[in-house]
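One chain, chain A, links the two complexes that follow: it is found with chain B in the first and with chain C in the second.
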Partner chain A sequence: MFKARNRRHFSEQCFALAARLSLIICAGILLFLLGSIFIQGISALSLEFLFTPSSSFGKSGGIFYQLFGSLLMVLVAALLVLPLALGTALFRNSYNNNTGLAHVMDQSLYALNAIPSVTYGIFGLIFFVNLLNTGISWFVGSIILAIMMLPTVTLSSYQAMAAIPKIYHENAAALGLTRTQIVRRVTLPQSFHGVVTGLLIGLSRAIGETAPIMFIATAFSGVTVPQSLVEPVSTLPTHILELAQQSTDPQALQNAWGASLTLVLLAATFSGLALFLRSRLNSEGHQ
Partner chain B sequence: MPDKHPKPQLSLVKNSAGADAAAQSSAVKVRNFSAYYGKNCIISDVSLDLPEKGVTCLLGPSGTGKSTLLRWINRINEETENASFSGSINVLGLDVLEGYPDVTELRRRTGMVFQQPCVFPCSIYDNMLMGLRNRKLSKSDARAIIEQSLKSAAIWDEIAHRLEDPATSLSLGQQQRLCIARALVLKPSILLLDEPTASIDPVSSRAIEDLVISLGKDIAVIMVTHNIIQAKRIADHVIFLCDGKIVEQGTRTHMFSMRSSEKTRTYITEEFCDC
Partner chain C sequence: MNTVSLLNAKPAPRRRDATKAYCQASAVLSIVIVSVILLTLLIQSLPVLLSGDNGLFGARWNPDEGKFGIIAPLFGSVFVMLIATIIAFPIGLLTAIYISETRSSKLRRVIKSILELLAGIPSIVYGLIGVAYLNVWVADLFDLQSGRIILTAGILLGIMILPTFLTLTEDALSAVPQRYRENAKSLGMYRHEVFKGIIFPQAKVGIAGAGLLALGRALGETMAVMLVIGSLDRLPSPLFNPLSSGQTITSKLGREVGESAFGSVHFSALVFMSFILVSITIALTILSHYFLTRKQADV
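Showing the complex of A and B:
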């Protein structure tokens, strides 16, 4: 009996140690990565770097048009994805009574989420650029990013809606509110934080994507502010890629670190806002 | 043009034998009603009449189908997955299915308050306004109706100075009275109460009981409870349900002093039911 207890104690110790080790490895990788980018990139980062256009294929100057291009594409993608994701989540939550269809919707969204991002780029290239003859267009890039964000935003919105206690719907229904009024007065206000959280998580992923927009929306250099929907832009991920190809040049490498840090900070801002909203949502839920 | 929702002329149902006689003047008439969740039969072949005015208590142990019956009167149970019923329910002279093709009209005529106080996360005033969204009222008219409803629910004096405060800042007892007031803005002919005092303290419970008695003078109040003492205090008419069937029904005097069923006697005196 004593031996059995010792053995159990030993196995518990081993399990706890393995768990701690996993945490240390994960945190270590993350800290090393972020620390490297921060240490290397902070010297390049300045207001001048952010607001000066690049020149000499990025070796000199800043990242103004790349920053503008990235923000333009993801913000337009957010505007495109929000109504679509919200509509899908509302249908799933408030209008659909068919459990089979709900299951198919869920599986489709999870499948869409698992598609490699380069596949979205190839789809955009074949469908928009070749078939619809749009040419390289930042707006097509936004559409592709919106499609890519769709599962994240939809699932997050749906989960926020599903988390509203049923008693709210019943109380609203008992007051004679129609289904549409319940959606407007109860479902949407109470799931707002969840929807925005999903959107921000989607944005933080989309802003760092290179593969889906590389073939269809961006140019490596020589672009400024687009004058129409069917013009290319330059974005931070593609700019970093371009600078990385010139890594033997110390100035290009320095700018690459600076652009990387800017990208990380942008993604972190979206994620941080999402985290803040999520924690606020949770604390309101516990009231 | 005939009135689409004629007001029935009612008298209180005195006992089970008098149920049919009162059927013509009932706020709610239930005939051969059975309710199901999936294949599980919760209520089996129940027929009853609920009077136009007064407080009717649906009394019985947990799981006997009291709330299910209540929730079918305004068809709120339609929102519940796998819920279905057979038989007929007639509310204010109209069949709940055929007479109210627009269920929202039925729900506006039958206010409902649930077991858990549930206020929406907005101001007290906006909570009260929720039920008036469908009516094109001027701000002053809406305010007058809201004030009247809050007075009827005996909560006006406590919250008149803080209508813009979040409704969640009220105590549970106040929240429940706010829920009753919120249901009253629609001026319902029937008020359905599903154990409204189950989750609040005794002092607030008594306030709600007084309110229920007062409301019962003007409209039909149908209240689910398994609190025998409470039913004794407030009911004009009691229906004792057990295992999805009506065991006995009648006036308060009949049920608490002249009851004929052994099951009723056991439940009322020993708070135990072996059905």
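Showing the complex of A and C:
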């Protein structure tokens, strides 16, 4: 009896110890990741770094055109995905009568989420760059990023639409509004925050993507502001990739850290805005 | 007057509902996009499937000799994924237990936000960290010339899938009603017994979903793996030697797609690999959605 109790006590101690140890390991990993990005990045980062173009294959100079290219590509992607995601989410919310079409659509969105990023790059290379013969083009990159953002934006919009209290719809219907009017006057304004949150989360993921755009949309050096839709740009992720491959050169590595910190800060800004929006609207929702 | 006007009011004329048509078109377009992606990959894999004597299911990859064996990268992908799993799952599960059993909602919120931030670090930045630190440490630790080996990729990948797995597992554990814990504890059960006997059976479907989703992520991860795995197109010898350089499907694609000519058998072999990868990750994700939604329906 006494022995059994001791063994149970011992297991309990082990369990507690293992859980604590794991938490410490996780915290350690976290500190190491954020610490290395910030400490290494901050010494490279300056206003001058952000606003001068890179030179001698990225080893010196800054990241101005990379920054510009990244922002251009993801913002255009957001503009492209917005109408499609809104329509899809509205369909799912307002016009879906549990049809087969809605079911197929759900599975399609899950599938889009599951496709590895490098595959998007290959698809873009085959379909746009070669079959449609666009050549290396930043706009194709935007289209591909928009497709990648589609599930995130659609699901976030749809969740916001589904969270609108049913009574709003019933009241609007009782007032004699048609379904279209309900969509325009009730559903869209009431779910606007979900759409914006989804877009911001999509942006924060898209800006860090490398694999989908590295074959189809970017060039490493000698690129400035594109004059047409079918020109390459430079982006931060592909710039980091090139510099990371010369990691024995301390100057290249230094610039890679600076670009990384910029990228992480941009992604964190987008997702931070999304978190802020969500928490503010959640607290409103409780009232 | 009201009654009269109501009686006289005509129902709104039924015109074509533009909004509805627009929404239906969007939904159809979403489906079309997925179908086009999958079909494109399938059609472009045909050349290598139809050209005979290319050793497609062998271990040898040599475009000059016309050998396109996909076994080595396929094995590499699975091997790296296994190492990542061995690292991430126990740590993730134990940490999730710690967080969910603390019951400080403020601490939970803070940790959740940090995890979201971690999951938002782009994979290329993980790759840079791998190249700058992990690489060197692993090489020093095992006294190797280069740290670009399967083990490094596995560790890095484990770190990358940890936030996803941890946060979803924690959701599953927290979804178990609080009174179950209280009842069990009032019966005098220790915490590990509460977990083993009460919480885990309730949450295991959700944990399985989290695990599958993390596996899908691990298989599809490209940039970080590509930078640290060493890109060697051979099966490691002996087979389960984590200290040799290797290749995963994704690192292979990342390295070679840009170099192979469109329309060649070489390109087609790469597309075929990508098609296999997509099939696996889609299957994993749909299965994990099935688990995760079933968990919600149960609770």
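Operating definition for what follows: the second predicted complex is superposed on the first by the 257 of 287 C-alpha atoms of A that agree within 3 Å, B and C clash if a C-alpha of one lies under 4 Å from a C-alpha of the other, contacts with A are read in each partner's own complex, and residues count from 1 in each chain.
Note that in this section contacts are C-beta pairs under 8 Å (C-beta built on N, C-alpha and C of every residue); 3 or more make two chains touch, one makes a residue touch a chain.
Values in this document were obtained by computation on a predicted structure and should not be read as measured data.
> Where does A:190 make contact in the superposed view: on chain B (first), on chain C (second), on both, or on neither?
first
> Should A:167 be classified as contacting the first partner (chain B), the second (chain C), both, or neither?
So A:167 only meets chain B here.
> More residues of chain A in touch with chain C or with chain B?
For chain A, the partner with the higher number of touched residues is C.
> Contacts for A:275 in the overlay, against chain B (first) and chain C (second): which applies, first, second, both or neither?
Second partner only, chain C.
> Kindly classify A:105 by the partners it touches after superposition: chain B alone (first), chain C alone (second), both, or neither?
second
> After superposition on the shared chain, which partner residues are touched by A:175: those of chain B (first), chain C (second), both, or neither?
Touch status of A:175: first partner only.
> Of the partners chain B and chain C, which touch A:47 in the superposed model: first, second, both, neither?
neither
> Both chain B and chain C contact which residues of chain A?
On chain A, the residues that contact chain B in one structure and chain C in the other are 178.
> Which residues of chain A touch chain B in their complex?
Residues 165-178, 181, 185-186, 189-190, 284, 287 of chain A touch chain B in their complex.
> Mind listing the chain C positions that touch chain A in their complex?
Interface residues on the chain C side: 12, 17-20, 22-31, 33-38, 40-41, 44, 90-92, 94-95, 97-99, 101, 113-114, 116-118, 120-129, 131-133, 159, 162, 166, 190-193, 195, 216, 219-223, 227, 250, 253-254, 257-258, 262-263, 270-271, 274, 277-278, 281-282, 284-286, 289.
> For the complex, which residues does chain A have touching chain C?
Against chain C, the touching part of chain A is residues 8-9, 11-12, 14-16, 18-23, 25-26, 29-30, 33, 36-37, 40, 83-88, 90-92, 94-95, 101-102, 104-105, 107-123, 125-127, 130, 147, 150, 154, 178-180, 183-184, 204-205, 207-211, 214-215, 237, 240-241, 244-245, 247, 253, 256-257, 260, 263-264, 267-268, 271, 275.
> Touching residues of chain B toward chain A in the complex: what are they?
Residues 74, 76, 79, 104-105, 107-108, 111-114, 116, 118, 120-122, 130-131, 133-134, 168, 179, 182-183, 186 of chain B touch chain A in their complex.
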